Each structure stands twice: as C-alpha cells, then as structure tokens.
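In structure tokens below, several structures.
Both of the next two complexes hold chain A, though its partner changes from chain B to chain C.
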Partner chain A sequence: MGLRPPAGDARTGDCALTARAIRQRTLRHLSRAVPFILFIVLWQGVSAANLVNPDFLPSAVAVGTALVRLVGAHEIFDNLGTTVFTCFVGLGLGVLIGVPLGACMATSPRIDGFFSPLIKATYSLPKTALVPLLMLWFGIGGATNITVVVLAALLPLIVYTYHGVHGVPRVLVWSALAMGTPQRNLIWRIFLPAALQEIMIGLRIAMGFSFVVGISAEMIASNHGIGKLMFIYGESGAYDYMFAATISLLVVAYCADRGLVHLTNYYLRWQDSAQRND
Partner chain B sequence: MNKKSKILVEDVSKEFGSDKSQVQALKNINLVVSEGEFVSIVGPSGCGKSTLLYMLGGFVPPSSGRLLADGQPIVAPGIDRGIVFQEYALFPWLTVFDNIAYGLEMTGMPAAKREKAVEHYVSLIGLKGFERRYPRELSGGMKQRVALARTFAYGPSILLLDEPFGALDSLTRETMQDELQRLWRTTGKTIVMVTHDVGEAVYLSNRVCVMSQRPGRIIEEFSIDLDRSGAREDVVLSDAYTAIHNAVWVSVRRQVTHAPGIAP
Partner chain C sequence: MTEQLNYSELTLRRLVRRVGALYPLALVAIAWEVTAQLGVIRGIFLPRLSTVLELIPKLAAEGQLFEPLLVSLYRAAGGLLLALFAGVTLGFMMARNRVIQFLIEPLVSFGFSSPKIAFLPIFILWFGIDHVSKILLVALTSVFPFIVSAYEGARNVTINQLWAARAMGTSNIALLQRVVFPASLPSLMSGLRIAVPYALMTAFTAEMIAGGGGLGGALVLAQRYFETPTVFAYILIMLGTGYVLDIAFIWARRYVLRWHEG
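Showing the complex of A and B:
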C-alpha cells in the first residue's frame, strides 16, 4: 500500500493547471444542461409542428410564459413555501425518529424484534391513502400532510441507518470500548459517524419521497401548496400553468438535492473520493 | 517467577455456536504473564489464538475458566488493556491528531494537555506534519503507527496485539517491529501478541507460546533469551536466534502438518 498523494495537490498546484481544472469543471457543469435544452427544443418542435393537440400538451414557450407570470405574481412563492415547509418539517421529523430508531434496531435485537415486523408489514402501504383518515384527526393540510411525509420518509431512513450501523466493523467498536468509551456514547461517537455514508443515502432517498408524497397529499386535500395549485390548474384545463407550477417545484427539489449532495461530500470528506456521491 | 504476575489465564475454554453445531475453539488454556513481559502466541490459523486475545481484552467471554488482569477478573473492556488490530481500526472520520487524542479525551484529560501529549506521540512515530490527515491518506505502515501511538498515548499498562503487522509488506513490518520494541523498552508495558510469524515472535518476545490446531491448547512454551542490545542484523544473524527460531518453527510446523486433511 503506497502513500497516497496529499489531498491538497490540486489546489496547491501551479496556476495554469488550476485554471484549466476550473475551466474543465465549468464545462462539465454546463454539459449537464445539454439534455434539458435538447428536451425543451424537442418539446417546442413537437408543439410547433402541431403533432399533438395544444389543448393536451401546451408548448414549451406557453409553459415558460406561464412560469414567468406565476413568478411575477408572487402567488407561487406562498404555495412553494407551504410545500417546502411541509416537506422539510416532515423530513426533519423523519430524521429525528428514523435515524435513532434504525440505529437502536441495529444494536438491540429486542428493539429490532419489536419494530421489524411492524415496518415489514406496513412498508408497501401507500402513505397518501392515510390522508382521509388523518384529516379527521388533524384537519386539512398542515399537520396531516406533515404526518404523511414523516411516514414516507421514515422507511428509507430506518432501513439505511440500520444497514449502516449493522455494517460497522466490530474492531472499531472494540477499539472505542477499550479506550474507555461508555456504552451509551457508542451511538454518537462510533455508530453514527461510521454509518454516515449510508444514512446520507437514506436521507437523499427520503427527501425524494418527501416531495412526491407531500405534493400528492396536497393534491388530495389541502388549501395551499404547489400540489393544490397543480390540482386546480389541472381541473380547469390550464395545463400551461399546471406545468409551470410543476417546474417551479422541480427546480426547488433539484436545488435541495444538489445541496444535500454537497453537504454529504463535505461531511464525508474523510472518505475515499471514489465512494462519494454525485 | 520473580516478577509479579500481570495476567493470569486459568483453565479457560471457549465454545462457539449452538448446542447442535458446537465448535470448541479453546481448551484448558493456562497462561501467566509477568509484569513487563512480552509474550507471543503463535499457532496455525483458526487455532483460536485471536479468540484468546479478545477474551483478555474483555470483548468475548470465556465459556469456562477465568482470566485476571492485575488480580481483577476480566469481565469487560477496560482502559488498563489497550488493543491493536491487524486492520488498524482507526476511526476513518477522525484525523491522525483526533485519533490519537480520542483515548485521552475519554480519560477526561483537558484539551491543552491533550494537545501536548498528542504532539509528543506524533513526533515519536515520525508523523509530524500529518496531524490533519485522515487515515485514508496514510499508507498501511503509517496507519499502524497511528494505531500504536493512539494505544500507547492513553497509557494502558497491558498491550494486546492482534497480528499487528500482518497486513504490512516485509520491509515495513521489520521497521515497525523495531519501533514496537523501542516503545516497549521505553515504557515497560506488558505485551501479549498474537502472530503467525515465527520470526517476529522470536525477535520481539521474552516468551513464545505455541498453540495446537483447534481446539487450541498451549502445547509448548519457549523462553527467548537473546542479546537484543545490537542492531537487528546482529540479533537475526546470531546462532542463538537461529537455534530458537528453528525450534519454534518446527513446533509450529508440526501443528500445521498434523491438520486433518493436510497430513502427509
């Protein structure tokens, strides 16, 4: 096993090299936009050639115009705010419950024995099916939708945390114990950091679930939110606006995902770069 | 024995598995290690020598018999017994500095004092300038140096070494053996090392215990009395070293060739 080159080489290298590296990186980022541009051009082309009925599929330009109007009217931000709040509070609560639960299940056969059957029996349940029931308890929107998001986010968080903690090499645990780590501190000092990579994968999947379920719940019953907006526009046949609302959410979800990936790479900077996320 | 006994293993046996498919790993192990002694345990792979070490560490309970450290029964891991594993077992999310500081932090040493102690060990193992590196940025030999430093740093009086240099290339291994010997000489710790490298055991230890095939028993003990004041080559090329090395090697070899299925 040879000595790896120090991690800082790319940054401390000569300026010409660094400039080229930056240029290459910018190019790589820009190249990601190519599929989107092609897609939009194709879409507009199909609409302009009248290949589909514009009542069923609005043109890309029409959707773009609708998006600009929506953003100009500020109304979209209130609804985006509601949806993002629902999704992130739900996801946050999901983390607060799911990660400790998954970790406890992995370290205690008794806790595992209790929760494992419950999770296995309920994981295929469509969480949005609970909306009508939860509405009776918590009312329309708000807590009802957050609860549904929590339930949806829980599963990937529990499963990935469980596997991550389960896979922690015993020599790490033994070393920690030999150095005087109290049993109750193992979870913070060893299990969670060692399982962080898996937990972050679970978090990324859970975030995707949160948006999907959050929007669906809003479409079923809500007074606010992008899901509600999409539902209203869809009902009234304003498909350009419906698509515009959808795109506004996609942008937010995409940014959240990128943010999470950057956060993950920062917190896992101690790992081999080959194992990092993209 | 003129010195006080530090470790006592009495009639220890260990079985693994359920009633139906039980495997006896160790059978009636007896071992006394004096304070400041360096004892190696060698034997064929799968003979249970690592299991014995894990029992001394308090990670695995014996099925019968008892183990004592400083007269106290071993029931759990304790900071009187440090352990170094073949796979280093450094915390990959901590830097070299924080890895070495970990045990000190657990003892409650204040941060300022901790920093000085870590710096001392970092320079002792020749890794100055690498304090802020993560384990993945280090070579195998450097990782094992950090693992040794981290264990020496918080000051356990007993050191348990589980094939500590088994993953290193032979040149690095020799360097590490000399460093370990230097650390042992300067600190006077009691060391129990498990290895399958006869040369390593003879070169480093006061005493070598040879274990049998599973179920593991200690079948032969060799006292090693070599003049270690000279350089490595003076020791390794001496007649005394060759004689004892060959004797131990033959003893281990007999165990390997007696293995069921491999017997000539």
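Showing the complex of A and C:
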C-alpha cells in the first residue's frame, strides 16, 4: 500500500544506540513493574496477617493459584476467547464502517450535513443501554453483543478519521493532483496515509470502548464470555476464581492496548510528526 | 442586499438555518414512526415513536422517571466528586514528588486504558448492590482522567512562576491554592469533560448489571416485562441527560475559564 518508509532513518537511530543505552532503557521498563510487585506483596501481607476476612479478599497466593488452575483448565480460554472475539469482530466492523464514513464526511459537506447531527445526538448515549433492546431483536449474546460493540467503537473512529482527513494540508492534495494522481486514488494515496496518526488514536480509544462495552454486555445478559464467568464464580462463592478471572481479563485488555501502541509506532515511523506515545 | 437586513431578520435566518440543519433527525423520526405504523415490525419489537413520546409524561407523573434518574445522577455525581478529590491530590503529588511519581505512574498507565467495569463483581462483593459499590466504581472509572490532567496542569506551572510566588512570601499551601490550582484549571476542565460521560455510562451500566434502582435498573426491569415503549422512553431520557450535561458543561467551562485565553 505505497507506504514504504523513506530510507530507514528511524532504523539508523536504533542502531546508533549503544549497549549501555539499551541496558538503561530495559532497566527503566522493568522498573515500571516495581509498583505492581509492591502492590502484590502488600496484598499478600494483609491477607497473611489476617487483617481482612479471606471471604472478602482472598490472599494473593490463593488468587495466583486459581489463575494457574484456570489457565490449565482451558475454561478461561473458552470464555476469554468469546469476549475477545466479540470485541475484535465489533472493532473490525467499526473500522470498516467508521473510517470510510469519517473520510467521506470530511470530504463532502453534504454527507457531513446528514450524519453529523445524528452523531451529535447519539454521542452521549451509553451504548450499553441498547443491550436490552437488541436482545429482543437478536437474542442473547452473539449478534447482540457484537452490534453494541460496533456502535460503541464507531463514534471515536468516525470523529478521529474526520479530524485527521480534515486536517490534511491542501498542499499535499494539490501536489498529488499536479503529479497526475487520479481523483479516485486520492483517498488511498493522500488522505488515509496522512490521517493515519489520528485514525490510530481513534482506534485506540475505540478498542478501550469495545472492551468495556463487550464485557458490560456479557454482564447484563449472556451465556458465555469472561463477564459472565466472573459472575458465575461470584454467585457460587468461588471468590479466588472470581479475582483470577478479573485479573486475566485486565491483562488481556492491557496487552491488546500495548500491542496497538507498538503497532502504531511501527507503522508511523515514517511520519516526521509521529510522536511516540506511551 | 445583506446590508439592508436588520438584526432580527439576521437572527431569524440563522435560526432557520440551524433548525433546517437538523433535518436528518426529523427523517429518522419519520422513518421510525412510519415503519411502526405500517405494522411491518411488531409493536413489541419497535413501538411507535408517538407512543414512546406520549409515555414520557405518564412515566414522569407516576414517579418512574425523575426518581430513578435522580438516583443515577446522585451516584454519578458522588463518584465524580470522589474521583475529583482523589485524582487532583494524586496528580499534584505526582508532579511534586518523584518517588510518588515512580510508584503511581505505571499504575495510572495500566488503569487508564483498562476496562474498569470488570471490577464490578468485586465491588458488589465488598460493598453490596446499593449506592456504595456504584459510587466507588464511578470514582474508579473517572479518577484516571483527573490524575493525568492534574499532573499535566501542575507540570505546566513554570519554575519562574513558582520562584516569583515564593519570593513574594507565598506559603506552600497558598502556592497550591493561588498558583498551581488555577494554572491547572484548563487542563482539569478537559479531564472533567472526559470524566462526565464515563461517570454517567458507568452509573447506568452498573445499575443495569447489578440492579439496585436507578434509571439503568428501571430499564432492565421494563425489558424483563417486555414493556418495550418504556425501554425506548428510558433510552431517550438517558440520551437527553447526556446531551444536557454536555451543554451545561460547555457553559460552565466558559464561565470558569473566562480569564483564560485558550
């Protein structure tokens, strides 16, 4: 897709790093784990000293054991798989609808005039409120949850694509036209690459939304998924497993977010305005 | 020609243009009403828009509208207030002290993007299904924008401003009150704008999941009895609430930041 980086300037920067600088960077990254380790130690200490009722707060070791057992028993993968599938399919459909729509709105005042009042009007609605309605139409779980995730992911994608495409300098468009780029190729060759940074920000927000809404939908009504599993454990009093399921979910969401940030930095390394965001 | 237009005519034209720009909403409303009237879709799946609109004053008269809405708003506002205090304190402390920054920053960057609603089962276990668990969950969701914006706002205070204030004999607490807090207000207002929709959404969603009253709980109950028009009415009310709060926020920001050039 015509996005080859100009002769690896970002690469040479990496190669120029000395071994010492790399070691320091690794150390800095590792040191970010310290607060989490302290937190776990504190948690275990509180439990070991019998300061809290273990029914309310299972010890860190008990939750860790439950987590290991859950991962071993595949139960967690089935349910996490359902959740992640819902979120990513919803997010993907959101991208397929939201990015072209945002781009069209930014380039055509008429399309903008039609959709922007609709978007402004529905912007403030918590999308989870639609779960009970969609359940009537599509049944429990499955399509209902995916639809809600799509709706939640759409808005940030539309808004950020719109702003990204809107902010493309006219000079770029004129030069492309002057160099003979056909009008219909403008969107692929100019608008989307130039707006990619904004779109990726929108994608990151949309991914956060899709996890929140996906899990919420499962908690409201579902037969499957990690949101449901947590409540099953909670209702049957297996609190160590409930905590373990929560932690596994948070870890998955965190990894997805970090993955997206790395992907963004990698694909935008050619852009001089690319700010490495943490 | 335009020069001859007087003021009232201009505002009238602007008004007409503004209302005219809302035609897509009218189109959707008409499409909804016509589809429902034609009877292609059964009323239990898609009630008429007119039925839903007629229902709203009825619900209000029966006390099934404003009472649950107030409960939800109370939870959202309580959580927001807690988050504001905790977030601003933590953010300022992070900006001031490197050890605290070292300890909190990784937790904030982990917590900011994580789906906090996942803590709901734990919060229900600890705090029950009434107000407390929901208020605390709202606080947890909306505390991160406040921490980040307070931190960034406080970092924006230049060292010269601090020196000048110190030289004029400002005490540490007064420094916070007179310099750091006003300097971070614009940033805090941006944080608030992110946090308010989060707070509303979390309050409504937590009520839908855990029950315990509020508009979210009422919505789920109505759905359980297949009162679809009531469900639609509640959704419209939620939508309106978010909209009104956003407009109110814009006005409030203009007032609070009237001294600020941005």
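Keep in mind that, in the parts below, the second predicted complex is superposed on the first by the 254 of 278 C-alpha atoms of A that agree within 3 Å, B and C clash if a C-alpha of one lies under 4 Å from a C-alpha of the other, contacts with A are read in each partner's own complex, and residues count from 1 in each chain.
The rule is simple: a contact is a pair of C-beta atoms (placed from the backbone, for glycine too) under 8 Å apart; a residue touches a chain by one contact, two chains touch by 3 or more.
On a predicted model such as this, the values are computed, not experimentally measured, just so you know.
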- prompt: Between chain B (first) and chain C (second), which does A:W270 come into contact with in this model arrangement: first, second, both, or neither?
  reply: first
Does the superposition put A:L133 against chain B (first), chain C (second), both, or neither?
second
Is A:L172 in contact with chain B, with chain C, with both, or with neither (first, second, both, neither)? first
Next item on the list: Have a look at where A:L51 lands relative to chain B and chain C in the superposition and call it first, second, both or neither.
Entry: neither
Chain A contact check, chain B vs chain C, more residues touched by chain C
Is A:I37 touching the first partner chain B, the second partner chain C, both, or neither of them?
neither
Does the superposition put A:I190 against chain B (first), chain C (second), both, or neither?
first
Quick one: is A:L27 in contact with chain B, with chain C, with both, or with neither? Answer first, second, both or neither.
neither
**Request:** With the two complexes superposed on chain A, say which partner A:G180 touches: chain B (first), chain C (second), both, or neither.
**Result:** first
Contacts of chain A common to chain B and chain C in the A-superposed view none
Chain A contacts chain B in the complex at 1-4, 6-7, 169-172, 174-181, 190, 193-194, 196, 269-272
Within their complex, chain C touches chain A through residues 21-25, 28, 44-45, 102-107, 109-110, 113-122, 124-126, 197, 200-201, 204-205, 208-209, 216, 219-220, 222-223, 226, 228, 231-232, 234-235, 238-239, 241-243, 245-246
Chain A partner, complex, touching residues on chain B are 54, 57-59, 76-79, 81-83, 85, 87, 89, 91-95, 102-103, 106-107, 133-140, 142, 150, 154, 156, 169
Given the complex, residues on chain A that touch chain C span 31-36, 38-39, 56, 113-115, 117-118, 121-126, 128-133, 135-137, 204, 208, 211-212, 215-216, 219-220, 227, 230-231, 233-234, 239, 242-243, 246, 249-250, 253-254, 257, 278
